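When the chains are written out, they are named A, B, C, D, E, F, G, H, I and J in that same order, and each has its own residue count from 1.
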Amino acid sequence: MNRNDVTEKIITAKVANGLTWESIAAKVGQSKEWTTALCLGQMTATSEQAAVLGEIFELTGEEQKWLQIVPYKGSLPTAIPTDPLIYRWYEVVNVYGTTIKELIHEEFGDGIMSAIDFKMDISRESDPKGDRVNVVLSGKFLPYKTF
Amino acid sequence: MNRNDVTEKIITAKVANGLTWESIAAKVGQSKEWTTALCLGQMTATSEQAAVLGEIFELTGEEQKWLQIVPYKGSLPTAIPTDPLIYRWYEVVNVYGTTIKELIHEEFGDGIMSAIDFKMDISRESDPKGDRVNVVLSGKFLPYKTF
Amino acid sequence: MNRNDVTEKIITAKVANGLTWESIAAKVGQSKEWTTALCLGQMTATSEQAAVLGEIFELTGEEQKWLQIVPYKGSLPTAIPTDPLIYRWYEVVNVYGTTIKELIHEEFGDGIMSAIDFKMDISRESDPKGDRVNVVLSGKFLPYKTF
Amino acid sequence: MNRNDVTEKIITAKVANGLTWESIAAKVGQSKEWTTALCLGQMTATSEQAAVLGEIFELTGEEQKWLQIVPYKGSLPTAIPTDPLIYRWYEVVNVYGTTIKELIHEEFGDGIMSAIDFKMDISRESDPKGDRVNVVLSGKFLPYKTF
Amino acid sequence: MNRNDVTEKIITAKVANGLTWESIAAKVGQSKEWTTALCLGQMTATSEQAAVLGEIFELTGEEQKWLQIVPYKGSLPTAIPTDPLIYRWYEVVNVYGTTIKELIHEEFGDGIMSAIDFKMDISRESDPKGDRVNVVLSGKFLPYKTF
Amino acid sequence: MNRNDVTEKIITAKVANGLTWESIAAKVGQSKEWTTALCLGQMTATSEQAAVLGEIFELTGEEQKWLQIVPYKGSLPTAIPTDPLIYRWYEVVNVYGTTIKELIHEEFGDGIMSAIDFKMDISRESDPKGDRVNVVLSGKFLPYKTF
Amino acid sequence: MNRNDVTEKIITAKVANGLTWESIAAKVGQSKEWTTALCLGQMTATSEQAAVLGEIFELTGEEQKWLQIVPYKGSLPTAIPTDPLIYRWYEVVNVYGTTIKELIHEEFGDGIMSAIDFKMDISRESDPKGDRVNVVLSGKFLPYKTF
Amino acid sequence: MNRNDVTEKIITAKVANGLTWESIAAKVGQSKEWTTALCLGQMTATSEQAAVLGEIFELTGEEQKWLQIVPYKGSLPTAIPTDPLIYRWYEVVNVYGTTIKELIHEEFGDGIMSAIDFKMDISRESDPKGDRVNVVLSGKFLPYKTF
Amino acid sequence: MNRNDVTEKIITAKVANGLTWESIAAKVGQSKEWTTALCLGQMTATSEQAAVLGEIFELTGEEQKWLQIVPYKGSLPTAIPTDPLIYRWYEVVNVYGTTIKELIHEEFGDGIMSAIDFKMDISRESDPKGDRVNVVLSGKFLPYKTF
Amino acid sequence: MNRNDVTEKIITAKVANGLTWESIAAKVGQSKEWTTALCLGQMTATSEQAAVLGEIFELTGEEQKWLQIVPYKGSLPTAIPTDPLIYRWYEVVNVYGTTIKELIHEEFGDGIMSAIDFKMDISRESDPKGDRVNVVLSGKFLPYKTF
């Protein structure tokens, strides 16, 4: 057994029972973004969170333990994603990557925007010309230091 | 001569004169995000915008014409970026990609978040535990239709 | 169980029963192009469409539910297709790619032809020197905007 | 000197003089699609066509000879295009590739649609919901035979 | 079930029964080259040919139907073959590729040698300094045309 | 200076003077296939052959010496060729590779067909349905031996 | 069943019974180098050799037949080996590759050192500063010839 | 200036003056194998060795200093070599890699054969059936230790 | 059965029983770093060490024998790791690689730091600004020698 | 002009003048590790540090400005390094990567060891069996948090 087996069991149960990530997140008591990443095998649960998910998806005790083990992260099967929705994000990095780099360095100096001390919020914005997906990313700035 | 030559001339002049992207954008009259992408060879200028940049960077008439030609886009030298700041964005796509896909489909159904009818805002958020980079991405939702 | 299992069940049943995609599409009430993409795991069905396919291919309720889930898209096993027929399409993109780009930009300015708000029609053209495949692609133009 | 030098000279002259591919094609006396592919180094000119282009772009006699040499085809810098417009075409091949294969085989049997005995027409279709790019591709069917 | 299952069943039976491709081809009534490609999952059988193979390899009716379905072609596990015999062929393409191109263009003008309207013959040539493998390839020339 | 410089000088002179590979080969006194490979930087000349080429292409003494140095072979810019003509050859290897392997082993046992002790002849075959390219490849069989 | 199944059975039995390759080779009556390559699925056995291995590893008749079928060669899971011992050999090719090429050409002229008409001997050399691995490779020189 | 410039100057001078690696090595006072690797930019010279090479190839003082700087090693333009002679060595690693690994481990236990504390000797062996290239590789065994 | 099966069994048992690597290493009598590498399939056990692990994880005699066989090393599924923690180490090699090379060569001359005669120690350093991971790597220097 | 031009000028001057990184670092007033990374184009200087380097390497005012611009980081020409010294570090990540991951997670929980808030110290340890390279890496632990 490994973490991937637990991820597949969770997705299978979610489809079979017609659940939404939003309702699952409400039971776990975290954001829908973090909870979805947890269920898709990218994050690590506390024993309480594992127990909640265990009840929702009928997970065994051993499967709940796997949710508490730090996973080998990375959710995409290829280095350049083929799915049109995820590719658009990769395209943003490719087209705007150097722009993002220039502007963060202009504001903060040499360093990075953390992808660990990081959070993300995805929401719908109504618009008569067609609704929009709004995403807010927030990451701590980590400066390079001399040593 | 090609667009890349113009990009390199702009960057060289920017370093030599100690300019900031924010001040350049103010003269162009557009956001700093879009103006930086334009100067880095990813966007297309109007003749008025090209004239403004021509004055700032002492561009010839032919160089200003190149700014008005649609460029071959893509700003990164390798498919998986080596620069730590840009890699963190790639990592976000890799770790959270399937999460983003699940949540947008749950809210909107089948389709994509456009990377064309798209805007981006990068700002600093003060935080006593270390300032944060905040990024707002907004893209129109484009649904798949039957035919 | 995953979408691929349903796709494989559909293909196996299609071979065993000698069905054609055109007859399946007629029952589903959509074009043969879209219906084939649906059956091959690239599109998402309504519950009515899933029920029609369920009857044709003797799918269980759970399998019909899978047809209604947005799939991870991408139908080729390698980045560069090995199958000769599909490769010719890849070659068209490779040889004519910059031509297509120049001409669309000349006509429309900066932007893209959508692959989401998009349709396609494939037909045979009789020709005494050898019959021809005719394909019509139609995609909405999406302009880049300054922001 | 090689074909690429001629291609670069043509593109530089086109930008400097503000020409359109359509007007160039009218002088060459071929479609705008084929003429653009010729100028971008993908096709081979007759001596008459080379002379016309020689006048438009002030090419030397040796440069005109290069236009009459069959080029090494392939117009993209990376196997998977980074430019968003060209990527959407790559995405069509990726998402619809197996669909195209199934339908052509259903209609014609085993074989391919030629990318050599092939033509292409790109035009604008006005649409109140946003104009569309229309493309018609036509390729001869070539059957596999037993031997 | 898929075509690959049928291919594996055929190979396993061939080894267990000590058959040769030449004897199989004689029963099928086609060349040994084409028949081997058919059995290895690269070509498509008529119902009569499928019935002959069905008798030789004890294939079920459904397995015979799979032989009549156009396969996804491509027989190698990696883009660059590791097997020494097959690599030598890849090397010929790599070392002599531009030579082949120059000579075909010099004789025929711009176009290709078809890999579809194509045949191949492999035979042994006795030679006192060591026997030789002789291969004859024959493919139709397909010219590029202006449009 | 390196071999590639000599190759480029030869090709440039050939285009400028409108020579054919066949006439060059006649002067060198070898087949057109081998002579073209030599001129494209894949083979090694004797001093006599280098002198003949030196006269045809006005090569200096040092350039003639480079023709006598064994080159680093490999004539394609990418592992998978983008040029359509060359790709068809690559496709033959991909589709028929295992077939070729099976048949040579059945006839000869374990070993390879040499790509070194090898020759090739390319010719035109007139055909009322469209002329054909005929290619004959001949390579010595090299058996694996126990040791 | 395929050759790989036989290879895995042999390795599993060798570990379970604590055998050495040297003792196995002594029974087969060939060198330890060739015998190990045979057992690892890279070489082809005679029926006598297959019978010897059949007794040692309790192989069925069909498994012994597979040992007599020419295998698809190539024993590494990735193009660039990850295993440190095997990587050192790859590094020798990478660092010393052009050196080897220069020296063989200086001695022999244009051609290759065969990897087919080839043998290898691996032995231990005692050394007070740390024992050494000594390897002798011997391959026939195959010259390129004009044609 | 960098090491590569010095390598190219050495090779150009060697071709122009018709020198052999063996005669150069004799003047340097090291083996032909190591001396060739040094001249091709893979090894590091002492100031005395640099002075000898400086005289042979008319190197400036600064160029001689570059020969004394440890280079970034790796002499091949692609991970998988296209040159047939070098490829055979790659093939030996690919086909025999696991065999070499098994036999060294059987003799020495866990560890590697060093590619640093390593030497190589290449020589010709006359043989009436065709001369042979003999290569002796000798590398220190480095055991993994527990820690 | 292979080494990977044993690795998976060990990891599954460790999760099910909530063990720590540190406690396992204490029983084996080696460092936690080496012991973890052993359990993850990268190192080779003595029969005593295998017996200790056999007791902890309820391994059969055959499974214990696999722990004593030198494994095919390499623990990552892709050449560039997707897991953020491991990627940071890859990033250190990418960003600081040439720095490390310069400084070791400045101190030691031409050669390498061994990854075989090597040890590693990982520990926590308390820090009011956030605890730190401290890692000490120690590898024998191996000089290149002339030959 | 770009940062790479400045890096090459620094390296050329360092070789020509026989300087050591240690002496350069002493003048800059930072560690030899950070200073080398700065000179090799991976870090960003203050104006004071740039002035010191400007004096050592005779850099112009514009070149000193480039040292103060945040560079596009990544110092290696290929994803998998070919240089033996740097490869050994890549090998450590490949062989010990999962071990490092397990032990850091066991001690700290889910998160990463920062490659930004990071320092490194490289030193020589005398050892009668051969001197050792000792490296101390210290990076802040950054925990993943729920959100």
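Points worth noting:
By our rule, contacts are C-beta pairs under 8 Å (C-beta built on N, C-alpha and C of every residue); 3 or more make two chains touch, one makes a residue touch a chain.
Here's who's who by UniProt: A, B, C, D, E, F, G, H, I, J = Cyanate hydratase.
Remember, predicted model here, so these are calculated numbers, not experimental data.
Shared contact partners of chain B and chain E, listed by label: C, D. Looking at A-D alongside A-J, one finds more C-beta pairs in contact between the chains of A-J. Here the spacing of chain C and chain H, counted between their Cα centres, is 53 Å. With centres defined as mean CA coordinates, chain I is found 47 Å away from chain C.
Chain F and chain G have Cα centroids lying 31 Å from one another. Residue positions of chain G touching 2 or more other chains, listed in rising order: 33, 72-74, 76, 79-84, 91, 94-95, 98, 101, 105, 111-112, 114-116, 120, 142. All chain pairs that count as touching, in label order, are A-B, A-C, A-D, A-I, A-J, B-C, B-D, B-I, B-J, C-D, C-E, C-F, D-E, D-F, E-F, E-G, E-H, F-G, F-H, G-H, G-I, G-J, H-I, H-J, I-J. Residue ranges of chain A in contact with chain J, taken from their complex: 30-31, 33-34, 43-44, 70, 72, 98, 101, 105, 109-112, 114, 116-117, 119-120, 142-147. Across the complex, chain B is touched by residues 80, 82, 84, 87, 91, 94-95 of chain I. Here chain H touches chain J in the complex through residues 1-2, 62, 65-66, 69, 72-74, 76, 79, 115-116, going by the rule given at the top.
In the complex of the two chains, the chain I residues touching chain J come out as 20-22, 32-33, 36-37, 40, 42, 73-76, 79-81, 83-86, 88-108, 111-115, 117-118, 120, 122, 124-125, 127, 129-142. By the touch criterion given at the top, residues 8, 11-12, 15-16, 18, 77-78, 80-84 of chain E touch chain G in their complex.
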